[in-house]
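After this come two complexes, each holding chain A, first together with chain B and then together with chain C.
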Partner chain A sequence: MSLLGVGLLKGMVETARNFVGSYHDPSRLTTVQYPEERLAPKENARNFPFLVYDGADSERGLRCVACKICEKECPPQCIYIVLERDAKGKPQKHPKVFDIDISVCMSCQICVEVCPFDAIKMDTEFELSRADRFGGLLLRKPDLAKPNVHYHRLHPTEAAEVDARLAAEQAKAAAKAKPASPPPPKPAAPTIAPAA
Partner chain B sequence: MKPELDEDALIGALSTGEVEPEGLVAGPAPALATLPPPRGFELTPKSPAASAADGEVLEVAMGPHHPSTHGVFRMDVVLDGERVLRLKPVFGYLHRNHEKIAERTTYLASMPYTDRLDYFCSLTNNWAYALAVERLAGIGVPERAEYLRVITAELTRLLNHSCLIGFLLHDMGTMGTPLMYAFREREKILDLFEALTGARMMCNYMRFGGCRVDAPAGWLDQVRQVVDDFPRFLEEFENLITTNEILLARSQGVGVLPAALAISASVTGPMLRASGVDYDLRKVDGYGFYPRFEFRVPLGDHGDVYDRYMVRVLEMRESLHILHQALRDIPDGPVLDPKAKLRNFRPKPGEAYGRLEAPKGELGFYLISDGGPNPYRYRVRPPSLINLTILEDMCRGHTVADAVVILGSVDIVLGEVDR
Partner chain C sequence: MANPLDQLFVLLKQWLVALLPVGLQPLLSMVLSAAAIIAVFASLFAVTTLLERKGLGRLQNRLGPNRTGPFGILQPLADGLKMLTKEDIVPEAADQVVHFLAPLVMVVPVLTAYAVLPMGRNMVAVDFDGGVLFFFAVGASTELSVFMAGWASRNKYSLLGAMRAIAQMISYEVPLVLASVTVVMTVGSLSLVRIVQSQSGYHWGWLARWHVFTPWGLAGLLLFLIAAAAECNRTPFDIPEGESEIIAGHLVEYSGFKYALFFLGEYLGMFAVSSLGISLFLGGWEAPVSFLTWIPSYVWFFGKLLGFISLFIWLRGTLPRLRTDQLMNFAWKFLLPMTLVNLVAAAGWHFSAGWSFPGALAWRWLFSAAVVGVPYLALGHALAGRVHLGPRSYRYAT
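Take a look at the complex of A and B:
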């Protein structure tokens, strides 16, 4: 047993070292002055989903075909989709309504994983405070639709992989369809220069 | 109409032996034996120590909003002055029906819910659930995924133990200094989790048959950096408090849990090992790739709060040892079994129990499949709930301030206790 009080003093010295270090030692300067400074965004970061569209038309360019797989697999059931139908009632492979209630969404990314069309991806926007708690956090289709460029800016590596895969699938489908009478091809995945 | 009884006044009167029902109740006095015990407490003391109360006993509900209870948890304590005579833990304030929700949804959809059990250690929760489903469906896991699981689980252990020690010391009145140091280190590990899984706490990273994504380029080097820097923090932490006389006075001989009682109450994790029982599922079960790694299991001698603190500090050192080996040996390759299915996953009828050594103890998931897309039965064996059940045996005879420290040393997260 050492002298009474030695352990206390050792602790005090350690606290003093931390205190002094917090002025000059980079490993102890961990505070980021948030609204003025920001941490570098992580490429894998995710917050709430958005819908990807190709080209310039945020309505017709949507990759979503309203297959409702994400609606079914969503664990807290926060997605609501209505399929668009033409005047005769024929399904149009396009969502008429696509709502995500982000006050319910738990950012689990399962919708992204199960989507066969790479139509839904995760956004990293986190400053979402609204004056209206219910309506403001219920995102409708126009709020959710974001261009492919946006996806490239958030997750460059992943977006490049997705574009390559989509282009390959398109080429395969085109080659397969050539012998028979070719159906009108889908709008190609745009070739977008990766954001700096 | 039955006369109303003032129970609080009555229990005080009962314990001092000055029972005067006429003064307390209106109308004819009911026989004492027919009185209902107040709030679930029996009127006869449990132990000789409790009967030694002289003066009035006081029943206090500590919680559910008491700052020392680590969440919404209530301890109904019966006090003789400062001394705890009886203590009843009351759970359930954070119950959100996790198990029943999981029986309703698909196997995959309960994976993000497991993050919310013990929200400090979402990656070990993921792993335990994935382990149970993999056993149920007979899915293999690629080698790289197993290594990634070990790395993330050990990082989780570092995170949990360092924070827990911070909280424990905060309960002793260190005014947050060690807690802030612990949170500084936690931040570095959370940054790693964010870079790997996309989320800092609700990682949702494991899948049946592997992990969701491979580690991004340079991630393993970042882990190496954090692991190499961590011993410095541990040294600092130990200098700060391990030999601190106040810590010794507050924790040695407090809340002693004998090994026999710990075993019979099925306590697991660092609490059991602090009582001197050599039982670590990483050694006993050898799940994952743990048999490949060399590490020791720290054991305590006395089973008091100090031993629980010390066992956790030593476990962090062993975790660093495992991390060094895992980072050295991790191979390249796929991280998800190609046969693993995300959708339309229907395991054959059967049952499985997957368990692992979570930072708080044995975390198990018991599943019964009837061949459908959702489990027929889903049950979690939460370590912190079961470790909490013997709180009364540890607290009895100590002061209220010690009860707070003992509760801190149990290491509970109410998300997991109440589910």
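Take a look at the complex of A and C:
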């Protein structure tokens, strides 16, 4: 037979222990004082997409070829792409406009999964508050383009796999195209360090 | 009486009142008492919100607010500014007048209840013969304000929340009053000043003659505390508000300053009912042991009040919220029988006061403790046996 009220007292002793313990044992504190302290970044963290570029030139080095697969697959339709064309109207395999409205983006990562060129990946930047909620949250191509080094810093394991696969594909393509003319400059060889 | 430090505020008031012509003196006396009560308890409310947030944080291994000023001591100011600057929205379909009056009906009667509470030697606004009765009569108007808030909002969730709150408050009003009646019965007076006076003097020259040092007094205080927690919607009985499940019950349609007034009323109610508990069972402003009587009486009173507040915060940091059926079962199947039994124990104690044979005190104790203790064990056993832990079964939903 258990005495009525004993469980209540046990609970109160537990919280009293927390109360006293939190003053002299900092390891009990479960929270982090955010702006000054931060938790170590997690490798699988993700929130909004960014565009990967190789080399030093954020414009020429973009892996994106403006195929618009991500634009079509995006469930909330937050991606807007315009293909670049030269003076004669010939497609250039390069995006003229690449916008992502992150106020619409739902961080589903479908764009990353469907991209055949490993050109779009997930960023972990979360301090995105802006004074202007329309223009400020519409990211343009220069905001989105980030070097491969950045990708390696965020998701090292995944980035290494992607680099190995791209290098293998390129080697295969080079071996096939050897009898003919030298390979075209794009896509450039993925390198971790900027070429400069 | 002679200690000027103990009578500091009484003398100050007398000096201020004497500055005015005789005709205006009673008016100034009343205004001063009211102003002091409002100022002291409103600032106690600010202090309590800070203590509560810091204390709850520590009870859950958090730091609590620490951004506003050193150690977050300006947090009440920040909270207040936030509340005052928020938009005050009144629903279009609401009954404008009643919606506006509900928070006032919450705060004003609670403030008037302080008039009869003695906060120190000679420190009571009105020495009213029916003090306890007045307190409960005025305290019951919070029920009215809750229902006004729920009804006037013209929102079915508001109304349901208000009905739930009313059911709870009326159920717990009964044990609250019955737990207090023991003291009234023993002392033979409804005046809180008289009740505190009856607890003056010291057993064996050092231990205070508080009612809590008797078996029925201890049981009465615990029952009173439980009922008081339910009466002022404190955890574990805070289902009327229930922030995490039913959002805010009757407060759904309130925002800004009116919401703050409800909060103020709730906290003032907690202080008032704690003060009543202190006056009834813990000797009001009396010192617990005879060699500490040099500490001013108001320090003792507010010290005890802070102790009660800490206890309520501690409970809030520990206990989960009850379900409505558990709440009602507890009130009617446990608290009500226990308070009735406690009345018998108090009556036995009162009528055995004349016993003079050797060991009479021990026998009185044994009798009174048995009258309370045996039903407690029996009820605890009987009620605990019916608890079914496990998945809940539904009648219609599958």
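Everything below uses one rule, namely that the second predicted complex is superposed on the first by the 174 of 196 C-alpha atoms of A that agree within 3 Å, B and C clash if a C-alpha of one lies under 4 Å from a C-alpha of the other, contacts with A are read in each partner's own complex, and residues count from 1 in each chain.
One rule holds in what follows: contacts are C-beta pairs under 8 Å (C-beta built on N, C-alpha and C of every residue); 3 or more make two chains touch, one makes a residue touch a chain.
Because the structure is a prediction, the values reported are computed rather than measured.
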| item | value |
| --- | --- |
| Partner chain in contact with A:Ala45 - chain B first, chain C second, else both or neither | first |
| First (chain B), second (chain C), both or neither touched by A:Ser129 | neither |
| Partner chain(s) touched by A:Ala16 [first = chain B, second = chain C, both, neither] | second |
| Touched partner set for A:Met106, first chain B, second chain C, both or neither | first |
| Touching partner for A:Thr30 - first (chain B), second (chain C), both, neither | both |
| Touched partner set for A:Gly5, first chain B, second chain C, both or neither | both |
| On chain A, positions contacted by chain B and by chain C | 2, 4-5, 8, 11, 14-15, 18, 28, 30 |
| Residues of chain A defined as touching chain C within the complex | 1-5, 8, 11-12, 14-16, 18-19, 21-23, 28-31, 33 |
| Residue ranges of chain C in contact with chain A within the complex | 55, 58-63, 66, 314-315, 317-319, 376-377, 379-381, 383-384 |
| List of chain B residues in touch with chain A within their complex | 105-106, 108-113, 177, 181, 184, 187, 191, 194-199, 202, 204, 212-213, 216, 229, 236, 239-248, 342-343 |
| Touch list for chain A against partner chain B, complex | 2, 4-8, 10-11, 13-15, 17-18, 27-28, 30, 42-46, 69, 73-75, 106-110, 113-114, 122, 157 |
